[in-house]
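Have a look at this one before I ask anything.
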Amino acid sequence: MPRLTLDGIAKSFGGVSALDGITLDIAPGTVHAVLGENGAGKSTLMNILSGLYRPDAGQVALDGRPVPPGDPKRALDLGFGMIHQHLTLVDRFTGAENVALATGGRLDRGLVRARAEAEALAAELGFTVDLDAKVEDMPPGMRQRVEILKVLVRGARIVVLDEPTSVLTPAEASGLMAALRRLAAAGRTVLLVTHKLAEVFAAADEVTVLRRGRLVATLPIGKVDADGLAALMVGADEADMITAVPAATAVIDSHATPVLEVAGLDIDDDAGRSAVRGVSFRIAPGEVLGIAGVDGNGQAELAEALAGLRRPVAGDVLVDGVTVAPGRARERLTRHRVAYVPRDRHHTGLVLDMDGARNLILRDVDRPPVRRRFGLIDRALAARRLTQAITEFDVRGAAHGPARALSGGNQQKLVLARELGHAPRLLIAEQPTKGLDVAATAFVQRKVLELTRSGAAVLYISTELDELRTVADRIAVMSGGRITGIVSRAEADPQTLGRLMGGGTARPASDTRTGDAA
Amino acid sequence: ADEALRVAAVLPGSIRDQAWNQSAYDGLMKAKETMGIDVAYAEGVAEPDQMSAMRDFARRGYGIVIGHGGEFQDPADRLAKQFKDTLFVVSSGATAGGNVATINFDYRQLGYVLGYMAAKVSKTGTIGWLGATEIKFSTELVEGYTKGAEAGKPGTKVLVTYMGDWNDVAKGKEAASAQISQGADVLFPTMDLASNGALTAAKEAGVKAFGIYYDAIVDWPDTVIQSVIMDVNAALVHFLEDARAGKAGGKEYVYGLATSDAARFGSFHEAVPAEVKAEVEALIADLAAGRKQI
Amino acid sequence: MTPSRLLSGAAVPVGAVVLALAVGAVLVATTGGDPVHLGHEIVDRVLLDYWGLSDLLSRMSPLLLAGIAVAIPLRAGLYNVGAEGQIYMGGLFATVVALNLPEGVPMSVAVLAASLAGAAGGALWAGIAGVLKARRGIDEVVTTLLMNYVALNLVSYAASGPLKAPGAPYPYSPEIPEASFLPLLMADTEAHLGVIVGLLVAVLARFALGRTAWGYGVEVAGKSPGAATYAGIAVGRTTVIAFALGGAAAGLAGAFEVIGLKHRLYANFAAGYGYDGLVVAFLAAGDPVWSIISAAFMALLRTAVTTLKSAGLDATAVTIVQGLIVLFAASGLALQRYGAFDRLLARRRRPAGTTAGSGAAS
Amino acid sequence: MIDMLTDPTALGDLFATMLRLSVPLVFAALGGVFSERAGVVNISLEGSMILGAFGAAWGAIAGGSAGWGVVTGAFAGGMLGAAFGIATIYAGANQIVAGIGANLAGLGLAAFLHRLSASGRAAENRVPGFGDVSIPGLADIPIVGKALFSTDPMTWAAILAVPLAALILARTGIGLRLKAMGENPRAADVAGLPVRLYRLGAVVVCGMLAGLGGAVLVLSQVFLFTEGMTAGKGFIAVAAVILGRWSPVGAALACLLFGLSDAIQLRLQFANGDVPYQLFVVLPYLAAILTLVGLVGRSRPPQASGSFYRRESR
């Protein structure tokens, strides 16, 4: 069984060092976690393993034999399989076609076989996937599951996973972790990049911590606890900040005019199918309403409609008691001061080919102070915003170059810096901490609470119950396009939420209609 | 050498078009050979570049600069003011004078003869004419051709097709086929390279056709029954000989049947009935002698 | 940009041209020509010559404006393959206006009116493709390409029909009144004011695209339609406006060809400038100001082509060399842009012990 | 002129003209589909067509048979495709610019070589081409019979090539991978597939197909090579690719539309002498635009088409 060794790996991009002298030795049959802040170099390292990037120096060896650098094909042949942080799926192919592409499917037979194997594996992992759907029509979670299946079906000996669980449900994530343990038990080597310490403790044998491109420590999992890992990642002085649990202290005035009132909202998806039906709720000033639910149950369409990107079929939306015109994104941003953190930072959140400063003026480029006389842009202001974002949100590597070059987490921070930087009245956040490191996650949650203290309201959409139970005052559960129940934080135990997600209601319900959303 | 007899031509198309441009090129080469004069040319010169190409030759000291096509009229007029010692010649030009000369063929007359003959030869009473774009050359040819057909046999139907392209051989073939399928059994293609396509169609369908510029029967022995030989070649030599003798000036040179070395007809196909042949020859003689006007 | 980088930047296109010319020299030699003599011709008659310069400038005007016509929609993520047709429409509109101006209109007014009409003609023609794209999602590449043929034939019709000069042997219009002639930059040449206008438009376009909120919207619409929707940018309207502005630049080019160069509308008066505009814009990576350089380059090429033809070089060989120059220049620029040369140098340097990259970053 | 549509002979004739005008386009457009589906926008079809036409003429004369012409025609077209592919896929040259350069080089080269190898008189350079082969019985089917079953092998090849190309793209592993190169080359790369090689392969095949399109003109239609004989057909093929939404069948239908409207305009013209001929000449383009607006509508090119794939760019 293969023993993986990395010797003095270094890589820089345009003169900026991303990795420097990484030396590692990974035993076969183990799960090896790789931790680090956003931009620490984790993805770069994994991409070097999979042959996508060619290291500037150093080498990777398998059982002492060097792996040719920068050759994905050879890496695959040698048994490397990688699940990329930013999915490598063909949007217009079905799930099955994507699997077939990765497994070298030939003619129809290959497609059928790939499909069958993927299906079996999905069942084993407890994944629900529709392999006949096109990837572009899948919710993010399902895409992630296809990406995982695609690699695992190939039967890799060294499985590299770069933040594979960021959009999975807890059940799916734990299914995956169990599967990784089984792979290790079968003698495979697993490398797991994650920001979720719980996963590290659940699945890993060993953990390596990177900080700013350097290897800080490699430790067996028994020798370290969460605080210790945090300290290794960010340095001891900053570690306290992370673990300081944010307390929800905003005062909610439930009698005041709600900041957001949604009444009888019906929304169709891109294909014209009903995605959200009869959704009504209110969010009071200072309140965080969490939306829980399995991905693809209408959350995305709801968020888009509230942000003005999608025109609802029926229903009213009121912000601060004022009805907002349907489908008018600009007006929401400016007049109603609605901030929106979209789930897809690549597609909607950022203009990847523009630099950080220009991305930070996306919301208000056409109004003062950004817009000056003769329609000129105040470039100095944009630059100041970037400096501010870099210091306040700790966006690493954004000083120069396009947003595309940033690490996934840092891209997310850029979006957050823009959306939270305008004192919004209402924040709609879809998976806002997706891909953020531990410190940044805590920071964002603190910022959200800070916002509520100023009387703003927050709609916080997440598939992670733990996160919702930390930030939300109440949690609404969406299933089949409906809100199946809204419970207070105190009532929000996993059993209740789980039942609601299954389509049940909090009260043993009579008005449960599950079939008609199809 | 004789300053005035350095001759240059600006050609809008390819010297291998087997038609308008090639005939000028051949004429230059023949003049070079037979008269020993210094010649130059620039081929494939697009409209935006035509003025500067002509000027370039004038500046290089060519005493005669030919713009080979009606589109050179205006550039020639303008340059004539700048280069007073240069004689500018416009083939198919409209107006001569000063140091601008034009060389023209009597397209109406030449078209008339072929129209006349076509009407006589046609069994279906429908004949065809094919061209590329509506320039003087085309419109006058069509005009003469139509009149000639009416004279040859009143009521003859003339199908006229403008292809919009001089060199699209495949389309030339289809354009001719379309005429043939409408009953045309004598065709007169007047494009450049595209005429090859039309002649191919005629050959395949077994109908008759006319050649242009040279005696095309040699290349299309079963198809071509007569050719109008607009011998730009000979016309040029004619003109240049005048020029060498110091007789050339800003005049309109028109070549027609009266100047039979420059504008004449080729060989009759043996299938042309003797009486038709005789009538056509008589017509040509009348026109050449000026006994008949169109 | 350090001087050495600038130097290497210039080295690439020059290298491409040299390489293509080397191929050309071989071709010339095979047909019995004298490459050295032809080289002299280019230097003497194009580069170091009053008339050569004037030719270069008169061609640079339509090339630059056509480049901008491609560059502006490109910023919005749209391919304008229709600069050719837009130029033709510009020429047509300008001619109609110039021919119908009342007598005694002062020169500045006549020139302005004809120019604006040309710009409007181009904008209108491009705007159709823009509207079809914005409203119906119809691919702009194919509409603009097809509309070129329509425009060409429309001009051909106008020049051989309603606008034809009486007795003209070829489809062209009567001469436009002298009041509407675009002033010349160089006496007795065809180098008209168009190139100056082109330079101004280039700078203005760069400024509007790079510095204004409007330009920002265009950029976002081009680079990320998703983000544009998020920010409430009206992608459809941006599409139409970007297209119309591009078309206006092309239309201006067409107007200048008529009022600056030919003084008449000809059936094929601007052959090929629109397609060359694609080369101009893409070689400049879509930047209007860099387009000045690439337009000058293409103008030089076009001028040299005519000169080489008159110097007796076979036109087919000239066309081959022209194609190779374009092909090599594009490849060379790309290799440079993506750092292939740097990597090559670095790899060669590495054995000597220096770390890659660190030396160059200063 | 109604008899063009009612009289069976005239209709059959129209059909035949449509087919002949379309076949060269169909080959080139199929090539374009392969190239663009693999992510390379290829406007050098015109250059490949003309080189293919020259290659076919040269090969058929040198080899003494039309069969050789097919081989050399495809080869010549493919060579230009390869040059264009190396510039765009390996060096990263902009695909539009490189396409324009390749077209010029191809047009120039074909004419240059022709001038070197042949005399100035077309009829002296007659090319042995394909004759029509008739299938008895089928050829007598009214209207379509003669055009389809009494024709030359290249037409049959084109008719077979369309479903074959569709099958390859829709049903084979190669097709799946090729499409992946055009949609998301990174996904293909991480699956261990040689992205640049696939793309180059597609572009070379494209050049060969376009070369065949040029060869058809020479070997099946006019039996000689002349300078500039493709007369912009390569650009029409580019339009057909988009009009046909990047699918083989769609592109072929678009070619038929161009062929049909050209066939119709050539027949309409001489019955309407007072209508300016330009109106007839633009008929195919207007028909295509109207089809786009009325029938085709919104279309999405392959996601990564036109882009240069570099591994280490994000």
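Labels A, B, C and D are assigned to the chains in the order they are written; within every chain, residues are numbered from 1.
In this text, a residue touches a chain if its C-beta (ideal position, glycine included) is under 8 Å from a C-beta of that chain, and two chains touch if they have at least 3 such contacts.
All values reported here derive from a predicted model rather than from experimental measurement.
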- Quick one: point me to the chain whose Cα centre is farthest from that of chain A. B
- Message: Just the number, please: Cα centre separation of chain A and chain D in whole Å.
- Response: 46
- Message: What's the distance between the Cα centroids of chain B and chain C, rounded to whole Å?
- Response: 36
- In whole angstrom, what separates the CA-based centres of chain A and chain C? 45
- Determine the centre-to-centre distance between chain A and chain B, using the mean Cα coordinates as centres, and give it in whole Å. 75
- Which residues does chain C have that touch at least 2 chains other than itself? 153, 156, 160, 315, 319
- Give me the residues of chain D that touch two or more other chains. 111, 115, 227, 278, 281
- Residues of chain A whose C-beta touches two or more other chains: 352
- Could you please write down every pair of chains that are in touch? A-C, A-D, B-C, B-D, C-D
- Query: Mind pulling up the chain C residues that touch chain B in the complex?
  - Reply: 45, 51, 55, 58-59, 62, 153, 156, 160, 167-172, 175, 188, 190, 257, 261-264, 266-273, 302-303, 306-307, 309-310, 312, 315, 319
- State the interface residues of chain B toward chain D in the complex, per the touch definition above. 14-18, 22, 128, 134, 159-165, 167-171, 173-175, 177-179, 181-182, 193, 196-197, 200, 218-220
- Task: Can you check the complex and tell me which residues of chain C touch chain D?
- Result: 27, 30-31, 79, 132, 136-139, 141-143, 145-147, 149-150, 153-154, 156-157, 160-161, 275-276, 278-279, 282-283, 314-335, 337-338, 340
- Please name which positions on chain D make contact with chain C in the complex. 47, 83-84, 87, 91-94, 96-98, 100-109, 111-112, 115-116, 227, 235, 238-239, 242-243, 276, 278-279, 281-282, 285-286, 288-289, 292-293, 296-299, 301, 308, 310
- Contact set on chain D toward chain A in their complex: 171-173, 176-177, 179-180, 183-184, 186-194, 303, 311-314
